[in-house]
Amino acid sequence: MFLRQCWYVIAWDHEIPDDGLFSRTVLGEPIVVFRTRQGLAALEDRCCHRLAPLSAGRKEGDCVRCGYHGLTFDATGRCVAIPGVERIPAAARVRRYPVALRNRWVFVWMGDPDQADPALLPDNFSCDHPQWHHRPGYMHYDVDHRLICDNLLDFSHLSWVHEKTLGGSPQIALARPEIESLPRGIRVTRRVPSVPAPPYYQRFRRFDTPVDRWFIYDFLVPGVLLMHSGGRPSEDPPEDLSRAVRLHSCQALTPETATTTHYFFQQAHHGEQEDTTVAELIFDSLKAAFHEDREMIRAQSRVIAARPDAPMLTLPMDAALVQYRRLVDRLLTREGLSEQTSARLTDPPGG
Amino acid sequence: MFLRQCWYVIAWDHEIPDDGLFSRTVLGEPIVVFRTRQGLAALEDRCCHRLAPLSAGRKEGDCVRCGYHGLTFDATGRCVAIPGVERIPAAARVRRYPVALRNRWVFVWMGDPDQADPALLPDNFSCDHPQWHHRPGYMHYDVDHRLICDNLLDFSHLSWVHEKTLGGSPQIALARPEIESLPRGIRVTRRVPSVPAPPYYQRFRRFDTPVDRWFIYDFLVPGVLLMHSGGRPSEDPPEDLSRAVRLHSCQALTPETATTTHYFFQQAHHGEQEDTTVAELIFDSLKAAFHEDREMIRAQSRVIAARPDAPMLTLPMDAALVQYRRLVDRLLTREGLSEQTSARLTDPPGG
Amino acid sequence: MFLRQCWYVIAWDHEIPDDGLFSRTVLGEPIVVFRTRQGLAALEDRCCHRLAPLSAGRKEGDCVRCGYHGLTFDATGRCVAIPGVERIPAAARVRRYPVALRNRWVFVWMGDPDQADPALLPDNFSCDHPQWHHRPGYMHYDVDHRLICDNLLDFSHLSWVHEKTLGGSPQIALARPEIESLPRGIRVTRRVPSVPAPPYYQRFRRFDTPVDRWFIYDFLVPGVLLMHSGGRPSEDPPEDLSRAVRLHSCQALTPETATTTHYFFQQAHHGEQEDTTVAELIFDSLKAAFHEDREMIRAQSRVIAARPDAPMLTLPMDAALVQYRRLVDRLLTREGLSEQTSARLTDPPGG
């Protein structure tokens, strides 16, 4: 059961070829994306005739031709040619998905096309900004996307899962974050004063003294994280960011199926000029950490699969993820969908 | 749900060893085939004692001995020895399948043995004929055999799937075939006048001018295609076949399970003497084309599996496959089996 | 459906690291085993918080710390630390399994901990005895453990499956064993007079004349075989064991899941001093034979999976396995579990 009245990231812009077809499954639905003179088009990747994937055919002008029997569809999903057939039946069409390109992310709208609202696109500005520099990342996960949402909604795991990479000290787990409700998400603010700089900070400049770190992020439906983070020497005056590390991360989880997930991510650093070495080091470091997450979450997922009814004990650090799951439930209900993903969650005790 | 009162191809003759056991699953039933002094024998490949496969044992004379506890079965399936047991229970037997060898194809009868009727064997003459030359082929498919039947019942796909191999021009898709009912199949006749010779024709002789091509085949239950095809220069008088390419193809689909299929095939060329180079070239070309089919059909099958209830839109080129599926349904009903494989098919519109 | 009020072998002692975590699944339950100053501890390998496997964390002193959010559990399964949380909820605990180490086998008790009874541990003395020498073995099986029990309860298969390794002559299949009931198992006694020595006997000493062989074993719930076997020249007086080969084998089947099984085994030979060459040769020979078994039983399992309702014909050699399955059923009933594993078994006919 997925939220449908949402924009889902289906690809990085550079993944869509100039003159070919790109295919990816979103919410269990195979979708083919291609470029037309008007921009991007996204269609159901399943010919209405014999159900072959259109992506096994080819792009012809602004159309897609099925590789099985040659049916041709335009960017609206209407069949415009059937070899050997003069009169094209009105039913010969495939579903069209509204598509949007914003800051290098390609989004598809999975709900009613008439309700596709550009105002609901997340502000992933640092994916395409002259003063924010990054490398784009993609990972595939063979787990339910909700387990990855949980992970992103509770950074206390940094102290353990990423002890040797992102994390650093146990103080992160100890710093209880502030949590605020947003109309379509949760805002999490965590400030960690006076801790050792994490190893990868040394890639920006030398840090010999403790730093104050911050992590402030919005986690928005259907699974987008937008985070400002950074750190600066604790000894510097609060208003002085001259020796700070300033980062902005955009991450998007898109369910491929109920049990597999696409993960788009980047972490941009701020600077007048791009330092390609730093951009690559941050990317490598992020990828290493995300592999640590994936290993843990896959292990967790296997344990859950072996006994799906095992109860979870809600703890204070779960406050954000519980709030988020309840928000998703309210939105599912509003869409007329009934699964209550938070049904088994209890209130976290006061920490 | 499969037709049972049919001969199914289980193997090419040369696949059965002279002094060993051959095993293959047909309609979900494991079958062991071996040679006796009287000819071929086919038994249930499952010992009646502890259900070990007999094919994991060995041939002893005209019998099979189970490799687990030594029970021995004769060619009729009767247990003739149980080590350490003097009195063999009457229930100690495995199922026997009527078996027939015709023109190098080994057939098993999957229905009531008393109704096994040699008159129902298909005329696969070119598999073993002094003036028809071929190489025998076998492929395994991990899809429902019906999707492959569909493919063979609509050659309009040649223009797209085999554009660069068998197919050639879009005219094939445009040439609407004649379709006739047969008692146990469909006859499809397609004539394509004045088209460029397909690339592989050049292997017979040089073709610089347009050719008239023909494809005339019977597609018979439970999935056997027998096709005369060929082409000759359009400029030659109709009765002159001296510069013609004449081919005969025998192809048989045998369901291994509901979702996997055995595919036996050859395409023979006519000639007084075998030209081994041509025979090999045709075989290679056919195999390349059949791999193209398999790739497309597997892609189609994956799309269907992801949403089994997606509707198919019937088009004029589907006339033969719709007729065939309805014939199969009538025969299933006659056998007392109820699944209606054509239930979701509508009549094709007039093309 | 498994017996729970039993000790199950989970590991050889040497598999548990001195300062780390060992994980294995028993009866579908993931279990983490580790060493404390008091001995061995076995806990549910599933954190009570977010269900991550504890074995993905680390050992800290006599405790385990979860690698996801840092919860720490002592050897009784009680949570003793939650980073950032002062008051630990009473519900924060994981299941503890009683654990026992006996003669190098590590056992876990899968039933009610209060009923864990050391008197029910099997007498696997030859796993750790100065006059019995062996190499420890482990195999993984992707079949229901009951098929392996069946195999071990009917040695008539030695003549066929192990014809060229352990087995030797068909006389083994012909020698009907004595079968006795034990409170928690079956005793099988088979004497095979005057047969050729099996090939591997030559590794002890030269055998030119026929031998009398014996196989006397207890097969105990939940799947432990303890066997005395051997052979001596038939020409020697009965009381003279000076030229005998004397072996003791301990084998334990532990269901991993309903369809996969752990197999722990050894076959020790008697002697004042260890002859390492002989110990290794016996181990290699045993392993080769057990691979033969596994190949046959996997083939059998695949045939059964393809048609789970195929009936089995009970024969005289099945007497022990039928008795054993009925014993298991009585014990399951006594535990309040209802599956009748012998329901489809009929009485064996008189042999």
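Note that the chains are named A, B and C in the order they appear, and that numbering of residues resets to 1 at the start of each chain.
FYI, a residue touches a chain if its C-beta (ideal position, glycine included) is under 8 Å from a C-beta of that chain, and two chains touch if they have at least 3 such contacts.
Note that the structure is predicted; figures quoted are calculated from it, not measured.
Between subunit A and subunit B, the superposing rotation on Cα atoms measures out at 120°, rounded to the nearest 5.
At the interface between subunit B and subunit C, under half of the residue numbers involved are used by both copies, so each side presents largely different positions. Our note on geometry: subunit B versus subunit C, Cα centroid distance of 48 Å, whole angstroms. Contact of a single residue of subunit A with at least two other chains is seen at no position. Against subunit A, in their complex, subunit B makes its touches with residues 150, 154, 156-157, 159-161, 170, 173-176, 295-296, 299-300, 302-304, 306-307, 310-313, 315-317, 349, 351.
Remark: subunit A residues 25, 28-30, 45-46, 48-53, 56-57, 65-70, 82-87, 89, 91-92 touch subunit B in the complex.
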